[in-house]
Amino acid sequence: MYLIIINGTYMVVTAKSLSVFTCYCLRESIFPMLAIQPPKATITTHDSWTSGPPLKAISSLNPPAVLNAESLEVWRGGVCLFEGLDFTLESGQVAIVSGANGSGKTTLLRVLSGMSRAADGSVTWRGEEIHRLDMENRLEITYQGHMDGLKKEFTVEENLQFYQEINDGQYPLEDLLDELRLSPYRNRQVRYLSAGQRRRVALGCMKVKSAKLWLLDEPLTNLDARGAKLVSSWISEHANAGGLAVVATHQRESLIQTASIEIEL
Amino acid sequence: MGGYAGYVWSAYGITLAVMIANVWAAYRYHAKWRERALEEGMAKISGRQPRVKKIS
Amino acid sequence: MGFMHWFYSLASPPHVYRLAGRACPWFAGLAGVFLVAGAYGGLVLAPADYLQGDGFRIIYVHVPSAYLGMLAYVLMATSAAIGFIWRMKMAHGLAVSAAPLGAWFTFLALVTGGIWGKPMWGTYWQWADARLMSELMLLFLFLGYIVLRESFDDREKADRISAILAVVGVINVPIIHYSVEWWSTLHQGPTIAKLDEPSITMDMLIPLLFMLIGFTAFFGWLLCKRLQGEILNREKRTRWVQELIRGASA
Amino acid sequence: MHIFLLILKRDLRLAFRRWNELATSLLFFIIIASLFPLASSPEISQLRDYGGAVLWISALLSSLLALDGLFRTDAEDGSMEQLVLSPAPLGVIVLAKITAHWIVSGVPLLLVAPLLALSFYLPLEALPVFIAAIALATPILSVLAAIGAALTVTLRGGGAIIGLLMLPMMVPVLVFGTWATEAAVQGDNPNGALLLLASLAILSVSLGPLAAAGAVKVAME
């Protein structure tokens, strides 16, 4: 019990806020295995309660925005999907990932987003290992999978507001809703929307984060012609504005003109 | 052995039984995966080399 | 640097497979010698306890299996934690092979504890006995670990999720033990207090030490055997396994 | 800290949108507690000795039920993926979700338990201690149930397995809780048990969310 008592009194005396403190004490204290290499972001939480200089000042001179994959090897269910994948994506470039079903497009995107770990090889963003990114770098990456990531009990606007607050996106909601032609549905719960509309809300949630690197998995599914045109215009705008994008898709032809490299799995 | 012989021997008997059962289970476990490895044979699907094309 | 090199060499399956293979006969021999000596000492040489008569001889079986259950759980949790942090498959393999053994020996400790309780307290199952209750909770932790691991189809996820359960479990084991200990002193009936640990004289203690070493060696032997089976299970499609099997059976 | 409040607000709003789920865990607690008198004789003397135990066991079981879908609903619609990838440390997000669910399921339990205790003829002066014990125990139960929910987030029949995994770890809460109520009923001071419950609460609130976050991160891989 001595652990708790030390932990207890230590906890009571210095805790500014229980949650932030627990991350701090556990990062430094005797439970590295439970803390599971917490992202370095643990200290640099948002409202920078630490007294040191705000990290933003230091990060202005950071390395260029480059997504680099070296000899990536990905396994799934005991089978090797692909190996030895090397590519580099600079700012302003778009990569199209094409391949048959089950060739590992989704798994590759999940590895690039840092959610899954590749069996071999490494993925780096601005020179840093993808699953060890700190706060600022993780704000720059956004991943949109097959699932929309929307709560069906919330309305369209509530979902968008939530993702805007959690990723502190600067993109104004009003023109986003107009662009997506969702303004009439802003107060309807997502459960009453069609699949295509849900997809557009999900893309809205992704765009509201105003990230530098987009990782999109089949963004055109369930979208009508106008929706598809909107997405490809967004992607080319994003690339011209110096952003990066990796898009896994079956409709190669609609996005091929904006792409600068193609990865065939 | 006093009146407790029945208890002592039954305790030792059960311990021996559990031990032998575990030995048999461990060897069968090893043998099972040995046969399975024989049937499976080499991993046929070696990873395909993905192609990265530059589009000018 | 030797330790780090040795530690990382444990990550390569063929090396661990050979290591386990070489260790098996040693553990088996050690177990056989010490178990026979301990059993003979415990049953024949050790004097009868003045209070419990010959009934006390069951501790030569009850105490080692209880100790082994605890040892297996701690070993399982540490190897699972190592496997989780440094992503070593072999450590997860060790955790998998330790779990069923630990469960069996904890069950054995419960059964022998119950049998020992009959002559002493008149009932096979004495709820108020703290040792039996914490053994029972340990058995539930083992079964929970095994059931959780079996319910995953993807092995990588099964390893890492059950590793977290093992670590959370090992933190809770002392808490459960002390809470059950306080609980039993709270509800201690007069009958149990006087029949607690019999006063161990030297010539009673030596067979117990022999039995402890014998049980641990036995555990080591089965652990290595199961670990080899687990390695074959995980690496069955690799080249070294095929050569090993083809070579051996050809 | 701002992320903590954000997730807390979101989960509370979500819970009140689906208020029927709130009611189930509370009604479950009441129903289980009221089954016991039916099972045995309703006289006062018997009810008083096992009354405390009944309340504590039904509190344990209803906490398991309340937090069963804690992570599963988010994992199924993909929002858990977005939370894992969000810049905030996952431990803080999980702590926020657990707090939200504690508010939704633990606090009503805290209000109903004294009424049931009275119906079990618990003496009135023992009530404040009982309420203190339940107040300290519900966070522990919520955290342990949340760890169970995180471990089984990708499993179909997750509910039952959480019980098998987490009930042995809830034994200390049961032991200290019943000890506190019994001490209060017999009139000797229950501080020992309450302090132990408090220390368990601090341990589980500080370590639990990190274990749950680790499990969720692995499940989302």
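As written, the chain order gives the labels A, B, C and D, with residue 1 at the start of each chain.
The rule we apply is simple: contacts are C-beta pairs under 8 Å (C-beta built on N, C-alpha and C of every residue); 3 or more make two chains touch, one makes a residue touch a chain.
Computed from a predicted model, the values in this text were never measured in an experiment.
Student: My parser should flag the chain pair with the most contacts; which pair should that be?
Tutor: Pair with the most C-beta pairs in contact: A-D.
Student: In terms of CA centres, which chain lies closest to the overall middle?
Tutor: D
Student: If you average the CA atoms of chain A and of chain D, how many Å lie between those two points?
Tutor: Result: the chain centres lie 33 Å from each other.
Student: How far is the middle of chain B from the middle of chain D, if each middle is the mean of its Cα atoms, in Å?
Tutor: Spacing between the chain centres: roughly 38 Å.
Student: Find every residue in chain D that makes contact with two or more other chains and list them.
Tutor: Chain D, residues with two or more chain partners: 196, 200, 207, 211, 214, 221.
Student: Listing for chain A: what residues touch at least two other chains?
Tutor: 1, 34, 36, 117, in rising order.
Student: Spell out, as numbers or ranges, the residues of chain B touching 2 or more other chains.
Tutor: In chain B, residues 43 touch at least two other chains, as defined above.
Student: Over in the complex, which chain C residues touch chain B? Could you list them?
Tutor: Contact set of chain C toward chain B: 39, 43, 48, 52-55, 57-58, 61-62, 65, 100-101, 104-105, 107-108, 111-112, 115-116, 118-119, 218, 222, 225-226, 228-230, 232-233, 236-239, 241-242, 245, 249.
Student: Can you list the residues on chain D that touch chain C in the complex?
Tutor: Contact set of chain D toward chain C: 147, 151-152, 154-155, 161, 164-165, 167-169, 171-172, 175-176, 179, 196, 200, 207, 211, 214-215, 218-219, 221.
Student: Which residues, counting only chain B, touch chain A once they are in their complex?
Tutor: Chain B reaches chain A through residues 43, 45-55.
Student: Across the complex, what residues on chain B touch chain C?
Tutor: Contacts found on chain B: 1-5, 7-8, 10-12, 14-15, 18-19, 21-23, 25-27, 29-34, 36-38, 40-43.
Student: Give every residue of chain A touching chain D within the complex, in rising order.
Tutor: Listed in rising order, the residues are 1, 3-5, 7-8, 11, 17-20, 22-23, 25-26, 31, 34-36, 38-39, 41-42, 45-47, 49, 110, 113-117, 135, 138-139, 141-143, 145-154, 158, 162-163, 165-167, 205.
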